[in-house]
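In the two complexes below, subunit A is the common chain; its partner is subunit B in one and subunit C in the other.
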Partner chain A sequence: MKTYMRTMNGWWRRNPFYLWYTLREWSAFFLTAYALVLLFGLARLAQGEAQYEAWRASLATPAAVVFHVAAMLIVLYHAWTWFKVMHKTLPFVRIAGHRVPDGAIFAAGIVSSLVLSLLLLWGLA
Partner chain B sequence: MKRSNRPIFWSLFGAGGMLSALVGPMLIFITGVAVPLGFLLPRDTLSYERMLAFAQNGFGKVVILAVIGLFLFHGLHRIYHCLHELGLRLGHGWMAVFHGLAAVGTLVTAYLLVAIG
Partner chain C sequence: MNGKANSTIAIECLRYDPQADETPRYQTYEIPFTDEMSVLEGLQYIKDHLDGSLTFRWSCRMAICGSCGGMVNGVPRLSCETFLRDYYPEGLRLEPLTHFPIQRDLAVDQTDFLVKLRSIKPYIIPEAPKPVSEGTFLQTPQQLDEYYQYSQCINCLLCYAACPQYGLDREFTGPGALALLHRYNADSRDAGKAERMGLVNADEGVWGCTLVSYCSEVCPKGVDPARAVNQNKVESTKDYFMRFVAPRRNR
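Up next, the complex of A and B:
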């Protein structure tokens, strides 16, 4: 039996909310691609110095840098939304019997991310 | 009753989402922008000697496996849903394919980390 199915063409362009939602969902594509870049680098590292340096040189090409800038921005948006909905995705957090307000959970996520990121940069510098 | 495998994959999705939200943008900036361009960080931050030592260190191995494995599980889980939202009617078999790809990527990472010594 064939049933009627409403077409889904272009639904994500109809409303700005859907557009932002779609952008967040596609952060997954960039994150997966980035994980594969790292996996490839690890394989090159295991092969030896010449192969690893060739991989490093490929990362310094304009196309690779543009990809990483785009990936960084879109994953940053993912991070923002991830913490924004964390009060719904986490079990209720209680401190001294009181539920922690949604805004505090969001702020804690953003602050943790900032602190960890700066520690990472500072540790390498 | 057959147990659902959803909690396992949802946990991996969630762990990958959390890790990438906490350090993802900065990690991408360091390995993909700052070091290749020599901007803010010296180029030899990711030199062969330093990265080999990191991959041969126990703590380094755990970090590399967590970053690559969890990013893959998070990313591929969400890509499956993205394709669904674009109107591709992929069944549950396809979900297993996406989780399987993430598992293969994680196993390859683990193999490389063992091979590297």
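Up next, the complex of A and C:
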């Protein structure tokens, strides 16, 4: 039987849902880039104080600030999506025989990451 | 009716006649419209009054047979539970379910899904045969809850049309069949899990999914196929590592 198969060209632009998904996948690259910058800083710290201070000075340039602001926003979106789908990756969670609602799993993830981030900031300060 | 009684709406339909057309084309029909008309009723109006050659599938008209799925303005929908009023006055564009070969107009070839559906053994495989004289299989409400939502699937294929991974690689078993696979694996009466794990673990099994999760958004029955698939990534990982601690059962 003769049939017609449509192409997938530009599929990620066809629906806003796919666009957000594509952004979610790309956000991992920003996360990696940010982690590499941090890892590089650690290596500079091991080399000595002058090298570490030079690395810190390089972070104060406008380009580095723009990158970090962009990376932070994208990583926040990444974290949001991560918790948004977390319940789908888990077996049903039950407390006293009742299924924990998906929204509660999402909220627990967001709240615990906020609390841990604040504790970390408080520990640094 | 709210003053739109004598108004009309434009439905743009993808048309494809395998004997006459090399590529699909679009044809617009202007049909009378009322507030309570579904998209399916719009198609039936075209078929009955304007163009008897328009081909589309339908049966129950109440979102349970799963026959009338299609793309409404690019979104996978059941045409029987989608209403023309939500597209008034701009009109709407209807296309056959994407990611499937078009047979004619709005009808797609579902063979690929039907083969996959059969491959997952979509039936209960009991541990040992149980004669009727021994009574029924008993199940607690919690055991029922483990698989109930997955058993609501009506095989409408909206999830396949929503899944770009299936569109990019048609070897992927896909959301619907994998959700039904999980429906049987999660059933306390079933002992066929070991027979189905090969399909879960395969390249075209659950690991073909990247959790786009649009399948779960478009599902008209609340099945949440993305959840079934991703729960089985955990099962697949456990299955992989368990081979080092416990010998596998015969397949």
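The rule is short, and it goes like this: the second predicted complex is superposed on the first by the 116 of 125 C-alpha atoms of A that agree within 3 Å, B and C clash if a C-alpha of one lies under 4 Å from a C-alpha of the other, contacts with A are read in each partner's own complex, and residues count from 1 in each chain.
The rule is short, and it goes like this: a residue touches a chain if its C-beta (ideal position, glycine included) is under 8 Å from a C-beta of that chain, and two chains touch if they have at least 3 such contacts.
What you are looking at is a predicted structure, and each value in this text was computed from that prediction instead of being measured.
> After superposition on the shared chain, which partner residues are touched by A:99: those of subunit B (first), subunit C (second), both, or neither?
Only subunit C is touched by A:99; subunit B is not.
> By residue count, is subunit A touched more by subunit B or by subunit C?
Counted on subunit A, the partner with more touching residues turns out to be B.
> Which partner does A:12 reach: the first (subunit B), the second (subunit C), both, or neither?
A:12: touches subunit B and subunit C.
> Looking at A:4, would you say it contacts subunit B, subunit C, both, or neither? Reply first, second, both or neither.
Second partner only.
> Please work out whether A:117 is in contact with subunit B alone, subunit C alone, both, or neither, and reply first, second, both or neither.
Only subunit B; A:117 stays clear of subunit C.
> Is A:87 touching the first partner subunit B, the second partner subunit C, both, or neither of them?
Second partner only.
> Could you tell me which stretches of subunit A are touched by subunit B in one complex and by subunit C in the other?
Looking at subunit A, the two contact sets intersect at 8, 12, 25, 89.
> Quick one: which bits of subunit A touch subunit B in the complex? Just the residue numbers, please.
Interface residues on the subunit A side: 7-9, 12, 22, 25-29, 31-32, 34-39, 41-43, 45-46, 49, 52-53, 56, 59-60, 64-65, 67-69, 71-73, 75-76, 78-79, 82-83, 89, 109, 112-113, 116-118, 120-121, 124-125.
> What part of subunit A is in contact with subunit C in the complex they form?
Those residues of subunit A that touch subunit C are 1-6, 8, 11-12, 14-15, 17-18, 21, 25, 85, 87-92, 94, 97, 99.
> Can you tell me which positions in subunit C touch subunit A when the two form their complex?
16, 18-19, 21, 23-24, 74-75, 98, 101-103, 109, 142, 145-146, 164, 167-168, 210-214, 216-217, 224, 226-227, 230-231, 233-234
> Which stretch or stretches of subunit B touch subunit A in the complex?
Per the stated touch rule, the residues are 14, 16-18, 20-33, 35-37, 40-41, 45-46, 48, 51-52, 55, 64, 67-68, 71-72, 74-79, 81-82, 85-87, 105, 108-109, 112-113, 115-116.
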